[in-house]
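Order of writing sets the labels: A, B, C, D, E and F. Residues in every chain begin at 1.
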Amino acid sequence: MTNFSFLLPVLALSISLVFAVDASTLQDFCVTNPIGQGNSECKDPKLVGANDFFFSGIHIAGNTTNPSGSKVTPVFASQLPGLNTLGISIARIDIAPWGINPPHTHPRATEIFTVLEGTLEVGFITSNPDNRHFTKVLQKGDVFVFPIGLIHYQRNIGYDNVVALVALSSQNPGVITIGNAVFGATPEISSDVLTKAFQLDKNTINYLQSKF
Amino acid sequence: MTNFSFLLPVLALSISLVFAVDASTLQDFCVTNPIGQGNSECKDPKLVGANDFFFSGIHIAGNTTNPSGSKVTPVFASQLPGLNTLGISIARIDIAPWGINPPHTHPRATEIFTVLEGTLEVGFITSNPDNRHFTKVLQKGDVFVFPIGLIHYQRNIGYDNVVALVALSSQNPGVITIGNAVFGATPEISSDVLTKAFQLDKNTINYLQSKF
Amino acid sequence: MTNFSFLLPVLALSISLVFAVDASTLQDFCVTNPIGQGNSECKDPKLVGANDFFFSGIHIAGNTTNPSGSKVTPVFASQLPGLNTLGISIARIDIAPWGINPPHTHPRATEIFTVLEGTLEVGFITSNPDNRHFTKVLQKGDVFVFPIGLIHYQRNIGYDNVVALVALSSQNPGVITIGNAVFGATPEISSDVLTKAFQLDKNTINYLQSKF
Amino acid sequence: MTNFSFLLPVLALSISLVFAVDASTLQDFCVTNPIGQGNSECKDPKLVGANDFFFSGIHIAGNTTNPSGSKVTPVFASQLPGLNTLGISIARIDIAPWGINPPHTHPRATEIFTVLEGTLEVGFITSNPDNRHFTKVLQKGDVFVFPIGLIHYQRNIGYDNVVALVALSSQNPGVITIGNAVFGATPEISSDVLTKAFQLDKNTINYLQSKF
Amino acid sequence: MTNFSFLLPVLALSISLVFAVDASTLQDFCVTNPIGQGNSECKDPKLVGANDFFFSGIHIAGNTTNPSGSKVTPVFASQLPGLNTLGISIARIDIAPWGINPPHTHPRATEIFTVLEGTLEVGFITSNPDNRHFTKVLQKGDVFVFPIGLIHYQRNIGYDNVVALVALSSQNPGVITIGNAVFGATPEISSDVLTKAFQLDKNTINYLQSKF
Amino acid sequence: MTNFSFLLPVLALSISLVFAVDASTLQDFCVTNPIGQGNSECKDPKLVGANDFFFSGIHIAGNTTNPSGSKVTPVFASQLPGLNTLGISIARIDIAPWGINPPHTHPRATEIFTVLEGTLEVGFITSNPDNRHFTKVLQKGDVFVFPIGLIHYQRNIGYDNVVALVALSSQNPGVITIGNAVFGATPEISSDVLTKAFQLDKNTINYLQSKF
């Protein structure tokens, strides 16, 4: 990539990079190399091969030794270039006993969650004004839907690891983890906003911001 | 509406309320009566008149005497039936001095925020992993964009009321206020999830849940 | 509105099935009861509960004692009403040793195929004029993409059952099994068309049509 | 269906016409009966037959004995119910020698114009600020594209009738004939607007309005 | 591919501008520099800042000293690069007393018109065959909808300036002013077409063409 | 710009050829030069002229002296660059007496088939599980619809050539001829798959594969 940088002025004037939508395709496929976020050009179809549609290792457990006790292994267009323009992706989720996948949204995707192993509680919350909480305990073989854009979470409530495979309705669904976005943004959100928004004193807000 | 409820079981079996997408229209317009959420049938075009495309009162200040010191006055398809199928709506936002419009997302719309009166700070946070915080002080005549699905907020930092007019890229953008959805959901989200997600002790979580 | 109720039986017969597109939602969700193909009305949101987003039993093996030695267990909007308008679905695929999932297309969906158990060969063929055949041997933990509309198949080449979970980019992807559609259509396609299209004699065509 | 007709006035008031978008289908087809503009419910698939996808008579010349000397014969979803949800339609255009198809737009469709007989001039005008006029003389076998939403026209410049077949990228493209819309609207547009917009005196505007 | 390299200079001049659709985003945002019409590449997200989502000056009155007595100040993706791919834009409209915003269409956008100051008449005309004229007198605080693709206008009928803020459902809505497109196209539309289309004599048409 | 050519290997790896969707346009048009499949950049609008929207020769009969006795002459975006982003295309179909257009699908388009000359049988087959065969005999002036993604065919059953003009709802509809894709793929599909899928012995499969 080093000798690529000097090209940028030219690129900036001429082609530069791209675009980004989920929509009907115009050809059989449009494979892209994951050079950067939002890179969606088509690889020459003659150079495309089966490996462009292939990914391996989804059977390998993610490392859950972290504060939330969970790990998401994405297979998005960045990991599987053949998904470009096709409007779908998957991910593996591992959750240690009593770990959680904390409240988050996918701004660009509905998620279908399929339990391969374990027992967990899942939930999502509807938009204003009702903010209804839909929750369910899931076992192996259960399937649950988190509609696009809504806040949802999973919590392992069993004694074994939870393993799940999820399908997402975008090649790049995006993830906004509520805690990280609100208390861990860079630079920080003013504590004046957060104390008022969460009705917490400044010390608690500062404590929260130091954690994320 | 009282004598309408007995129809619900039948409706549930037969027509019920129909559908819901933002997409290209198939006719000049498809005005709907706001019978219920998601109601999108077309009024007989012969009965449609100019008033179906009309709303008045957007110049009237919203009542900001509430904990957040702000008020949103929506002009969505529910308030302006002629907007049905047209993929756009507006709202007025009033914020008292030092009031805030707390962190929230619109799952179905980008927002263009135009300041009519006052001085305020606005910001939005990008998705994982960076959670970058883009913030700006706005004055009268300034315009700012909050991209679809991202968490954003506004805070009055002046001595006068803030008045803004916003445009939204959906006839029904939806609002998810983070605090309400996370700490005020019905039924409550288990404190096991929230203590872990926000790294707070159970008492603070309980306190938060009692507030929302 | 009182005299509206007597219309309902007629409405049930006439309007019924309503519409059908994959597009941005206009509300958090639009749950539908699976009365019939293409049924897409929204259930009253107040009556919607977590069970509308739930399906169980995807861990149960499908019965592969049939000529092709394979079984697809769909979890589409018909089986999981909460998927309505959300543009995604899943399915489980079981293939007995040396069984196949015969060549077919999904006219409305890209498929991401994830191997949970077994060893198999998969392939898809590009459109005219090249009709390139992309093929790959897959093991447990491998993922493969079949782009929307292209003919594809799977074949168990191991000694154990193949179990796969697939994600599809439509709530109702549709399946066109080539053999069934071409040789098993009702009424039959004229053997004049088929002899010419497949350059086979009339006896072979008749034999094929008797099999499907 | 006989006792169905008395319901129509009620239907017009209550459910009426439902919805309307051009988008991906959710099923093989969604045939609709042409009860009214914008009517998009799906006929029971079991009752659908080949005739729902059939229209005849496009070889019959339209009657061009009218002031503009032209006639459009539409084959839209209203005329061919099988086109519902499929995003395409066609029309036949007949233009007598020196007749015109006056300047108009299709708000929902690009048009591909194919000359079957005759010689004509066609043109379209780009949007502001350039208002460039793209024009071409066409003969039998020529094809021309009018991009969606742009004002265009055709004029027979030969001695024989022009016959054309056009394809349109919507099941209901819509037509706005500029002269009719501007000078023939009901009720009339105030002459104050028109004198200023077209820099004509009031008498000429009144004369124009009396003509349309 | 060897003889392909000499094409690059041409490619640099020709390809450039890239693509262009309103659709779901594939990432948080895709900021573009306004190099030219239709330029939609994504700026490197790391170089994006709050100013890319910012525009100032919408409170400044437009100069209405022109024949129509009105001025539109656009805030489209060309003026506010952060709007790229987000499907929405705004504009300010100033109309002097008795000035008009002459009949025009937006081929790619519905418009929501909000009156900030003044009194005006607005109207739009439906498509063929009815060409119904929907008209309304608006005051400060009134809101009116002009559905996508339909001809519409505004006319100041008060003694003060009209100031309006409009929201448009496209990042680049396009404007076709009817008078300019029909009588001011370059090169001119043949007077044979216009005399027939508007039933005016050649002198009046020539007069009109000289004015635009 | 001469020293730009050495960049090609880099460009080939990085940007290559771009994107591809059918969706709403963002400008009046986006003409592309047919440099390669999937190439969808916009030509500089100032260099665009009427010829970019023009194609000639659709009145010339295709050469049907081939095994199927039919010929398709496409007018897609590759042949008519002005069609880029506009979501529609056309083609001419010639079928000699007793020739056929063999069973095929268009993965990205509905087709409206208009008979200009001759007598033919047409048919399409619905998806699983019914695989219903809808068939019809067509004469000059008849119109028939083949819904997107479904297998369909045409067969000349008269004594004269069939000439048809078809409209397709994509700028690049794609064609998958069933026989070619299944029996003529490169490399061949394993005969193990085909014998099982079509319940034919290996010799017949080998014979079929040698033919395609």
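Keep this in mind: a residue touches a chain if its C-beta (ideal position, glycine included) is under 8 Å from a C-beta of that chain, and two chains touch if they have at least 3 such contacts.
All of these numbers come straight from a predicted model, not from anything done at the bench.
Enquirer: Tell me which chains count as touching both chain B and chain F.
Expert: Common neighbours, chain B/chain F: A, C, D, E.
Enquirer: From the options A-C, D-E or B-D, choose the one that repeats interface A-F, i.e. more than half of its residue-numbered contact pairs are shared.
Expert: B-D
Enquirer: If you tally contacting C-beta pairs, which pair wins, B-C or D-E?
Expert: D-E
Enquirer: How far is the middle of chain C from the middle of chain E, if each middle is the mean of its Cα atoms, in Å?
Expert: 44
Enquirer: Roughly how far is chain C from chain F, centre to centre by C-alpha average, rounded to an integer in Å?
Expert: Comparing mean C-alpha positions, chain F is 24 Å from chain C.
Enquirer: Counting in whole Å, what is the centre-to-centre distance of chain C and chain D, each centre being its mean C-alpha position?
Expert: About 37 Å, centre to centre.
Enquirer: Where in chain D do residues touch two or more other chains at once?
Expert: Where chain D meets two or more other chains at a single residue, that happens at 15, 18-19, 21, 23-25, 28, 40, 45, 107-108, 127, 135, 148-150, 174.
Enquirer: Classify the inter-chain contact topology: is it line, ring, star, complete, or other?
Expert: Here the contact pattern is something else, fitting no line, ring, star or complete shape.
Enquirer: Could you please write down every pair of chains that are in touch?
Expert: Result for touching pairs of chains: A-B, A-C, A-E, A-F, B-C, B-D, B-E, C-D, C-F, D-E, D-F, E-F.
Enquirer: How about chain D: which of its residues touch chain F in the complex?
Expert: Of all residues in chain D, those touching chain F are 25, 28-29, 45, 49-51, 53-60, 75, 80, 82-83, 86-90, 109-110, 112, 114, 116, 124, 126-127, 134-136, 139-150, 165, 167-169.
Enquirer: Touching residues of chain F toward chain C in the complex: what are they?
Expert: Residues 67-69, 98-100, 102-103, 105, 107-108, 121, 123, 125, 127-128, 130-133, 135, 148-151, 153, 155, 174-190, 192-193, 196-200, 204, 208, 211-212 of chain F touch chain C in their complex.
Enquirer: Under the stated contact criterion, what part of chain D meets chain B in this complex?
Expert: Of all residues in chain D, those touching chain B are 12-13, 15-23, 36-38, 40, 107-108, 170-172, 174.
Enquirer: Can you check the complex and tell me which residues of chain E touch chain A?
Expert: It comes out as residues 11-12, 15-16, 18-19, 21, 23-28, 30, 33, 35, 40-42, 44-45, 85.
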